[in-house]
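Working notes for the structure below.
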Amino acid sequence: MLRATSTDGALFVNPDPDEAREFFRRKSRKMVNKVMTVKEAVRELVHDGDYIAVGGFGAIRIPTAVLHEIVRQRKKHLGLSGHTATHDCQILAAGECFDRCDIAYVVGLEARGLSMASRRVFERGMVKAVEWTNAALAWRYKAAAMGIPFIPARVMLGTDTAKYSSFKEIECPYTKIKLAALPALYPDVGIIHVHRSDVYGNCQIDGIKISDEDIARASKRVIITTERLVPHDDIRQNPECTVIPYYCVDAVIEVPYGSYPGNMPYEYYSDEEHLNEWLTAEREGRLDEFLEQYIYGTEDFYEYLQLCGGLKKITQLRNQEFLIEGIYT
Amino acid sequence: MLRATSTDGALFVNPDPDEAREFFRRKSRKMVNKVMTVKEAVRELVHDGDYIAVGGFGAIRIPTAVLHEIVRQRKKHLGLSGHTATHDCQILAAGECFDRCDIAYVVGLEARGLSMASRRVFERGMVKAVEWTNAALAWRYKAAAMGIPFIPARVMLGTDTAKYSSFKEIECPYTKIKLAALPALYPDVGIIHVHRSDVYGNCQIDGIKISDEDIARASKRVIITTERLVPHDDIRQNPECTVIPYYCVDAVIEVPYGSYPGNMPYEYYSDEEHLNEWLTAEREGRLDEFLEQYIYGTEDFYEYLQLCGGLKKITQLRNQEFLIEGIYT
Amino acid sequence: MSYNRMELMICVAARNLEDESIVVVGTGAPCAAAMLAQKTSAPNLTVFFEAGGMGPQLPSMPISVGDSRTFHKALAASSMPEVMETCQRGMVDYTFIGGAQIDMYGNVNSTIIGSDYHAPKVRLPGSGGANDLASLCWRTMVMTQHTRRRLVEKCDFITTPGYLTGPGAREAAGLPAGTGPYKVITDLCVAGFDEETCRMKVESVHPGVTRKDVEENTSFELLWDDNLGITEPPNEEELRILRNEVDPYRYIIGRA
Amino acid sequence: MSYNRMELMICVAARNLEDESIVVVGTGAPCAAAMLAQKTSAPNLTVFFEAGGMGPQLPSMPISVGDSRTFHKALAASSMPEVMETCQRGMVDYTFIGGAQIDMYGNVNSTIIGSDYHAPKVRLPGSGGANDLASLCWRTMVMTQHTRRRLVEKCDFITTPGYLTGPGAREAAGLPAGTGPYKVITDLCVAGFDEETCRMKVESVHPGVTRKDVEENTSFELLWDDNLGITEPPNEEELRILRNEVDPYRYIIGRA
């Protein structure tokens, strides 16, 4: 049944569920306090060469603090899942942290325009790229989360996206229709920002989940940043709200306003001014000094936030999120 | 790649996603008031010969009123998905309503024992049976909900359950491991009891969802019974709580205590006394008279509930659900 | 009442959305079109966003396909798999996609400009959800500026399937039957696709635009509808709603 | 302190659950064993139920695998796919299954009694989740009464895989490597499985039970551990907790 497409690409991670099972068999199920600092989490859990997946949607509910710290600790040769990777891709491209990428959406920031720095790493061949789609990567995470080596789907077929991808085409044993067999994607590290977590890593997310339920389950290690740490009992009061269970999680860090400058649904809107400042710095060739100022030169996310306007700015963004015509707007 | 197992069984529904797409293409997306009576819903939406899937888990959150009405209207030749079908299977077996069944779990009522009447329909060859497992049927619904003809899984392999099933074995194009290709299961009618619905069929379910998200999406027609009708705005206040969206749904009926004698999480516990009475009636050969009393002889679910002890009984079951040592216990 | 070309395109797109249907949109003009349709001819139109927003009461134009506006007082705040699977199941009628290039079969490029994938002149974002939506929704629409560099003889890269190489090609590739490009709405004309050849066929030119204008700005040979018409311009009601309610800050209509 | 056989079985089962692990249980004795383990040797044991309950604080014995007790103050109230997929992913250490027959390879029958599938002497419930859990969890345990009709030469129907026909058979069938039957806990003895032959091997007989008792109540040839021991009886602490906290109404332990 296997009719390989003329796939130009590579599989950056092994879709073998048995290899993953061996890893998960040894992963701790102990419900212990996993609270640490961003620095510690990145030092201990993100290694040069790891393949990483970032939760959220580019500039929505993103784990900015961890992304900055990856740049700050000058992690290299990462693999990146480019699943609507906008500002997250931009940060990691600025740090030249990754050299291979499964692409569904990169280099752009949606309506805000293209990131010159992100374009550069791809256009100069600094990154080995393989093409996918948003749904394809979403389903690849899901296959891994389900513990199966692939999920069939009806996308990508017939296009150059397929030609520069690395999935295999199969024929359905029941209907004989052609399908894309999307290989399971088990990231080494999943990094996700959530609304609430207890110290063990039981997490709640408000609003859309995008692919984060599946990323948390598919990833071998998971770093959570959370707007708020909450008492364990809060989780048990509403067990239907648990999006990520503790046994998926390796590190929990409380990072208030942690999605800034991205949008955090029901909390604060995106800071379009700052995102634009970043794009402008890239366009005007001032990226190095911009990075020096905001990332390399800051100690942590609190300092970055302060530089960007601190609580006053956040208050303004909260007003925007809630459509309140505050004094700042 | 296709290596058919020696499958003794049949596929009762077509797993072809293109046939299903043609149906769904024409299914109305109009958000209109879908409130009707149980009688109307069963008359208009359940036809002799249809293949049905019942939500909940046997005696947990089951749509009892609709099941009774199917018996009362003497529907025949139904196909039944036996996905932990306990009291639901028992009701439909009593009415001799189905003649083919995908079996994961039937005839038993878990710790309560076996239903003689259910055993009878299977032991006397009145039902064409095909073997599956709980996960297999769950994933078959999921494949249909996803719009793909099959999902691979690592269950059933190597057993007689496989031999008397009707799935095909495939080889993974990436890892060469053997997999069960579980064919999509698109029921003609899905019947689900929920905690809250608006008149359009936007539904919320508290507690475990079992497979009901997938049943609602996989089924061509969906009948919802709900503990409570709620204003449409309540749905929009908490969009993360919508488990079933309106466009899946064809009928909405408010049936308070509608899972009785089954458990409704956070509302009332199961009536073990009545469930036992039913088993006893079967065992003692009094099923016909029992059915006459409780189903054929009643006009609707309100009458049945009244016969079983009415609000007084329900109050007792509410106390049990909330672990309150009420005066009844 | 005067109008600009973006306003015209949005109004035309809105009219092409049947009432009581479901559409997946991105941000920008398609989202404006869907919002306008809801306020005019398609009050029962349900709008999805690929990141998980389903049926929101959009308070204003979202900046991102996943931002909190996309599920503001929504019917459901779900997930990307949920939206994509609803499309794959056949429940979604329309989608809009965009790109840098489109060919006569409606194939779209949003991946690279240049001839070498590994060293492109310009790296574009890639498919995002475009390939998925155009593979799975029943009718795909494209809104684009009409220039020779956009309407090309051959895409540098086919990111998203139109009719691929022509009749039967989508089905042969394994894409769901009955799907494909439906309308291309440019700032010069509205085109559909010829049933027999699957090639782009102009149905109407916008007021003041000539057939020659269209031809000169297209790099491939267009087909022309026998009943070639003039695009119905936006009416006062549409313009009023578009300007006052849909895009009061002129984020989109100010771009023309 | 005296105890009955069910109490012994539950205590033995509880001791076999390592701390800081995850177990999927059904109702009845396995659930009692998990609850007892949590209150004794495995305070960090997480209990799942196949219908979606994950990590509840069980207030009392559930009647059903899906009833509201199974997600009372739980870590998560999820779904059947979520639980089964967690097992398939390799995150679940233990499960208990039951059945009417078990053979020397640990294959279990819960489908029919009789030789003709289409006209069985007794129609049993079928797999339920048993086949799934025994295929996907790392270690499968069975608790059963020890009679010749239950420990059979050949199952009338293999509902749920043990080691199938012996060494390598699970892997050859496509089941995940490293899984399989782990312990069989009967009212006469505790058995494991021989690494080389995959056959059931008695590790200890219960106090007062002889090797002959076990043999006479088994329809196939058992292997015997070189270091055959006497099962450690329940201690006072275990019995106190089991009787007062786990099963105060003697639903399970009253069955012996």
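General remarks:
Chains: A, B, C and D, in written order; residue numbering restarts at 1 for each.
Quick note on the criterion: a contact is a pair of C-beta atoms (placed from the backbone, for glycine too) under 8 Å apart; a residue touches a chain by one contact, two chains touch by 3 or more.
These numbers come from a predicted model, not from an experiment.
Chains that touch both subunit C and subunit D are the following: A, B.
Just to note, of A-D and B-D, the chains joined by more C-beta pairs in contact are B-D.
Per-chain Cα centroids separate subunit A from subunit B by 38 Å.
For the pair subunit A and subunit D, the distance between C-alpha centroids works out to 40 Å. Note: centroid distance subunit A to subunit C, computed from Cα atoms, is 28 Å.
Shared contact sites, meaning residues of subunit D that touch two or more other chains, fall at 71, 77-78, 81, 88, 136, 176. Residue positions of subunit A touching 2 or more other chains: 17-18, 147-148, 153-154, 177, 179, 206-208, 239-240. Taken as a graph of touching chains, this assembly has some other topology, since it is neither a line, a ring, a star nor fully connected.
Touching pairs of chains, sorted by label, consist of A-B, A-C, A-D, B-C, B-D. Put simply, subunit D touches subunit B in their complex at residues 26-28, 50-53, 59-60, 63-68, 70-71, 77-81, 84, 88, 107, 111, 117-132, 135-136, 155, 157-161, 164, 169-170, 172-176. Residues 17-18, 20-25, 27-31, 144-148, 202, 217, 235-237, 239-240, 242, 245-247 of subunit B touch subunit C in their complex. Listing the residues of subunit A that touch subunit C in their complex gives 8, 56-60, 82, 84, 86, 103-108, 110-112, 114, 118-119, 122-125, 129, 131-136, 138-139, 142, 153-161, 164, 169, 177-180, 206-211, 213-214, 263, 265-266, 269-270, 272, 321, 323.
The touching residues of subunit B, counted against subunit A in their complex, run 1-2, 4, 11, 15-18, 147-154, 168, 170-175, 177, 179, 181, 183, 206-208, 239-240. Residues 20-22, 44, 46, 54-57, 71, 73-78, 81, 85-91, 93, 136, 138, 176-178 of subunit C touch subunit B in their complex.
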